[in-house]
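Should a chain be cited, it is by its letter among A, B, C, D and E, assigned in written order, with residues numbered from 1 in that chain.
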Amino acid sequence: MSANAAPILSVDHVGVRFGGLVAIADLHFDVREGEILSLIGPNGAGKTTAFNVVTGFLKPTQGEVRLRGTSLSGLSPNRINRLGLARTFQRTSVFPNDTVTDNVLIGLHREDRGASLLEAIFNLPRERAGEAARREKARALIDWVGLSARANERAGALSYGEQRLVGVALALATEPSMLLLDEPVSGMNASETQNFVRLIRSVRDRGVTILLVEHDMPMVMEVSDRIVALNHGKLIADGTPDEIRADPAVIEAYLGKSAAAREAEREAAHA
Amino acid sequence: EDAIKIGVNQPLTGAFAASGSYVVNGAKIAADEINAKGGVLGKKIQLVVEDNKSNPTEAAAVAEKLITSDKTPVMMGAWGSSLTLAVLPKLEEYEIPMLVETSSSGKITTSGNPFVFRISPPSALEAEAFAPMVEKLGVKKVDFLVINNDWGRGAAVDFGKMLKGKGVQVGLTETMDAGAQDMSAQLAKIKGTDSDTLMITAAVDQLTLVFKQMAAMGVKKRVVTTGGSQNPDQILAQAGSAADKTMHLTTFLPWSPEKTPDPKATAYFLGEWKNRGYPFAGSTESFRGYDGIRTIAAAIEKAGSTDPKAIQKAFWDVSFIGLNGPIAFVKAGPEGKESGQSKPGVYLIEIADGAIGEVKL
Amino acid sequence: MLEIRNLECGYGPVSALKGVSLDVGKGELVALIGANGAGKSTTLRAISGLVKARAGTIRFEGQDITGVDPAEVLAAGIAHCPEGRRVFPYMSVADNLAMGAYLRRDPIRVREDFDRVYSDFPRLAERRRQAAGTLSGGEQQMLAIGRALMSRPKLVMFDEPSLGLAPRIVEQTLGIISGIRDAGATVLLVEQNAFAALEICDHAYLIETGRVVKRGTGADLLADPNVREAYLGG
Amino acid sequence: MDQFLQHLVNAMVLGGAYALLGIGLTLIFGIMNVVNFTHGALYTFGAYAMFIASTALGLNFFVALPFSIVAGLALGAAIELTLLRPLRGADIDTTMLVMIGAGIILQSGTLWIFGGVAKAIPSPFPDAPLTLGSVSISWLRLFVLVAAAALIALAYAMINGTRLGRAMRATFQDSDAAALMGVNVRFIYTATFALGSSLAAAAGALLGPVYVVFPQMGDLAAVKAFAIVILGGLGSITGAALGGFILALAEEFGAGYVSSGYRDAMGFLIIIAVLLAKPTGLFARAERVG
Amino acid sequence: MTRYLPPAILVVLALLPLVLKDPYLLNALITGGIFTIGAISLNLLLGYTGQLSLGHIAFFGIGAYASALTTLGFDIGIFGDFRIVHEGWHPFAGFIVAILLSGACGYVVGRLSFRVRGAYFVIVTICFAEVVRLVALNWVELTQGPLALTAIPQMKIGFPGLGEITLRTKAQNYYLMLAVAALAYVVVARLVSSRFGRAMRGLKENEQLAISVGVNATRTLTVAAAISAAIAGAAGSIYAHYFRIIDPDVFLFTYTVTMVIMVVSGGKGALAGPVIGGLIFGTLPVALRPYMAPEAQWIVYGAVLIAILFLMPRGIAPYLDDWFASRRRAPARAPVAQPQLEGQP
């Protein structure tokens, strides 16, 4: 959590174009080990695109991303996940026809205790041991995000907010060292958001670094150690929540004058 | 109940439905004629017709059914060579003879299956019959356009061999898929060669298309078709002027019944065919069914019993004049396990000015 | 203008609305708030005919529109900007907006409305030809809002319009929504951002598990300690 | 060189036929997302309608043509109303199988009614080809090429330029959202299927006189149509047209210069190659992640 | 619940030859069974990974040819004077070669074609099957082309201590088919309930999400394709040695359609699905044969297909499962309708 920890993730002068459209232009920032860093910016600023580059879903037109110094260039998303980067999606994302438990088990599918395909097919002891361990892990994770009561429901039948929690459990099942969350609390009301903030904090306390994209400013300001702001695919500010809140460029491009004012008012009410 | 059952294994649905149905109709004429005359061995004959769906697996299944469920002591089938070949192992397994009425693959009579008796000519036989006409026609160089199956490819090989033996040059051999409708690429290639004659082996529908497409592309060569499945009337009706001056090697002459080996039988058959409301064009396909059943009946009569073994043996003694010449089996294939092959007449006819006539050489 | 009485709806065995009654007067901006899964979206879907009512009536301008097809509900003057954007992903931004004006036969005024949407959301104007499915989440939300306005409805229903929008755009969007009311149209607004919704609405309904549990002016509900506790984060 | 030119002309003519096969399917398969195994049967139906109209009914060729297209429209509407409407919302494989069932019934019905013998449809064009130097082309096929181009242009304008076309595209991308825009979704489903069917029937009616008409004529046509549509990219009319010409070029030159035995293989290999290089067909729809 | 159906069916089927003496019916069961094995393998792809292979018959045909050629031997020129000469081997070796070669082809095809999905995958597989058919048709030196490979020896199986038997009778072949079908069933069942199966399901339901949690899409799908192809190859091998003749018509598109019908009508993604579908559509043609004209048989076949799907759109096995479930714990719990997901581009 210390401000000068080594970077776990470096986004090094990354650029992305779609045809003639520059979605990200020369984006450059680091994420430090153990921090909660938020990425904010107006709609279409390139935040999701940046996530897609970091997690390997998009190849950047320029620059590279490094995880603990290792370049991620050319790696497929599943390889990158194995290296310890997990993400959630801006749209609700679960395996809708599977139960919550099975959802999480899919995330645990690589937890194999070395059992091979043949062992799996013939259900040999090693595979069985692995399967038991996986189920136990899944149970614990579901418990932890608070969905035990719904463990055997079809994920697609859960409410929006609950599906988001399944998404987080699923991402955490891959035992990431860093978690990327894309607008996790959109569509949640204030009290649900509060619960989610507690969850994010406890994830971080487990040693997982967090990169967050979110438009819910109270939430971002409350939870972030540091914030970077983007506009038109470029970095426009980088600092603590207080610095960002006061940054004229951020207010101009993103927060809007009255929002900033109201934000301050609400902070005051809170205090 | 006391009738003698004869299995008929034909394609009634699927790609070859039209031909298979014609063969069956011809077979029915024969059966009715025979029964009207008192049947065989004092019993009526009864056709058990099954559809092999133009599909080899089904053809084998149909044979299995005919033999084991219907207990037919002898069968006729199965039109296409793929279909017939698929049935062959069943004949050996159950030791039941089968008369092959249409298929032309050489392999049917050369693979050592003593239960097969064929009245249709394999292409080698056709080529042999065509040999004397080559010089008279003044053929110098030949291209082939054949259907891409054993029938077409076999024809190209057998005719090629015969032609080379006569000192005629053989140029391109182009193939077309069984279902193909557009042969223009092959024809463009053929158009560019210096051959004077194009020999085509295909069934009637494809021939129609080939002629139309030749006309559209201005391909001008002497055309001789082989294979006995040309159905010149249908070609004439459907290809029109595009078929003008095409020649066809055929095994039946319904256009001039008086010139057939047994004019009375031909007239009877054609009359019945017409009475039953079938199109004249179908007769070139259906006469095989007619002759096939007559051959089988003759064998049963000769065998004096409905024992498959006896019938198999009796086939060797059958000898009568069919609609396309004498039907009598000679041995073909490996010694000790010979199949029977009859040598039908082969005629060269020509479509000229909307009429069909024998080529005078 | 809109009267709903004892509306009941469900999905298969799930009963989502258990007797909802509410009224929206002409020219009013009415907000519907409540927790996840309370039945807010279902209420809007029932009004526009996407889900069929199992019981109860919906009347619009005195006319019974219960169980009527969505197309006819729209023709009667009710537009619905659905939850989750629902833009046509493979169609361009312009075509999506044109779909919003599908039933209209006044091309000249439609042109004006195109221009109005483009000036409200300049980002959409920049992206007229881009396939809607490739827009960013917030851009899609803007498009969905713009599309709903293209039909010139008498009553617009917005389902969580601020979802995924940047704070400055949220501000602006809420401004647009109040603007619609000020221009004389009627608005039914569902918002998770209850704080903002209650601030701009004339009055509001609080829905819990398929029932209306409270109604009042925005200010009343904002002041209600239970509401503050449950929906405004204390 | 002469041969090359003739091949080229052939490929153009064949490409027109293929494009025609493709556009009806793009509507139903590419836009509606119904794996339409009745496409071949509808093509056959169009050809038989043309046959009946121009022989039994004795209609003029140019009257019989629209007659057949309208017949296809009606049959398509009937199929949609009876088979597809009740299955709305079912899995794509389920509707595919129902279409397979319908295709089997239509084909066997045709065989039952008309028998297996191929029929020829008389054409009003001169038998003698149009000859330019060493290259010949039949008048009928020239007409088909022109008609194909016209139908493609019409279909394109209809899908991309009209209000109805826009409603069609919208409906199959999100039918609930389209309903909220005031689209009569049920009508659009029926109309799209009927329209695609009428184009399939149009292909049959135009190509019937070029080739011959028989119950299984649709089998090969359907396989090629699927290949063409996918080669072009789902839902793209321009793609389907282009796909048709590419397939024709591959087949024509494959047969001409490689081996006629591998004529069809050339076409299929080209498709495999194109898809491996550009996995979403030539005219891909834009997609995004996240 | 339908999980218990296949073992029950297996027992019944195993006892069948004891009472059923009609070789024709036995033949129909063997043929239907062989295609059911193909359907079981297709279900692995279609039902569990969601990828429809409309060229599945290619692997079946490759298995048939591989097995036949391994057993018969061949002599082919590769280039110039270089020839490959192979003396015939034991038929069981042919069976093994068929499985391995088909599996390898499945692997390669999967590797290449899983770069595309959905409709594009469908067409790549169709194209592949057509190309293979054309090779079988035109490479006459190896395959005899349309002349067909004939006189393929019957399958022989050695039992330790019992010596070797040649499968001559219907019943013997029937048991071979049944054994392979049971084995294929078990392999698929185990695979899909293992973590590999879970990864497959994940890919089917939400590919992006599955990849993001570390599922290697290409590898998972390729493994599924290889196993599926290997099973189809085994079915092809049985076919070749049972019919004793094969020609390029084994690649008929109709056969793939038959398998698809078996899988989807029975219920794709349900283990019992292809078994139930196979029993119905394997025996329906036989059952219809005596009663009506051939064209009418097809019409009824198509109508039965449509009727099944109208009554049970997800197929028979899932329908039976729901039915059993609703009987066990009343009040009925109908399947929950899909919640409105966001409109996915």
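Following the convention adopted for this analysis, a residue touches a chain if its C-beta (ideal position, glycine included) is under 8 Å from a C-beta of that chain, and two chains touch if they have at least 3 such contacts.
Keep in mind that what you see is a predicted model, and the values were worked out from it rather than measured.
Student: Give me the chains shared as neighbours by chain A and chain B.
Tutor: Touching chain A and chain B alike, sorted by label: D, E.
Student: Would you mind telling me which chain pair, A-E or A-D, is linked by more contacting C-beta pairs?
Tutor: A-E
Student: Which chain lies the greatest distance away from chain E when centres are computed from Cα atoms alone?
Tutor: C
Student: Once you find the CA centre of chain A and the CA centre of chain C, what distance in Å lies between them?
Tutor: Chain centres of chain A and chain C, defined by C-alpha means, are spaced 30 Å apart.
Student: Rounded to the nearest whole Å, what is the centre-to-centre distance of chain B and chain D, using the mean of the C-alpha atoms as each centre?
Tutor: About 36 Å, centre to centre.
Student: Roughly how far is chain D from chain E, centre to centre by C-alpha average, rounded to an integer in Å?
Tutor: Their C-alpha centroids are separated by 31 Å.
Student: Quick check: how many Å separate the C-alpha centres of chain C and chain D?
Tutor: 42
Student: Where does chain C touch two or more other chains at once, residue-wise?
Tutor: Answer for chain C, listing residues that touch two or more other chains: 86-90, 130-131, 133-134.
Student: Please output the residue numbers of chain D that touch at least 2 other chains, ranges allowed.
Tutor: If we look for residues of chain D contacting two or more partner chains, we find 108, 111, 173-174, 176-177, 219, 261, 264, 287-290.
Student: Which chain B residues reach two or more other chains?
Tutor: 13, 148, 175 - these are the residues of chain B that touch more than one other chain.
Student: Residues of chain A touching chain D in their complex?
Tutor: 48-49, 51-52, 57-58, 89-91, 182
Student: For chain E, which residues are in contact with chain D within the complex?
Tutor: These residues of chain E touch chain D: 46, 52, 112-113, 115-117, 119-120, 122-124, 126-128, 130-131, 134-135, 137-138, 208, 253, 257, 260-261, 264-265, 268, 293, 295-296, 298-299, 301-303, 305-306, 309-310, 313-315, 340, 343, 345.
Student: Touching chain C in the complex: which residues of chain A?
Tutor: Touching chain C from chain A are residues 18, 21, 41-45, 47-49, 90-91, 159-162, 183, 186-194, 215, 217-218, 253-256, 258-259, 263.
Student: Which residues of chain D touch chain B in the complex?
Tutor: Interface residues on the chain D side: 2-3, 6-7, 10, 13-14, 17, 108, 111, 115-120, 127-129, 131, 136-138, 140-141, 210-212, 214-217, 219-220, 251-256, 260-261, 263-264.
Student: Tell me, which parts of chain C touch chain D in their complex?
Tutor: Interface residues on chain C, with respect to chain D: 48-50, 69-71, 74-75, 79-80, 82, 86-91, 95, 98-100, 102-103, 130-131, 133-134, 147, 151.
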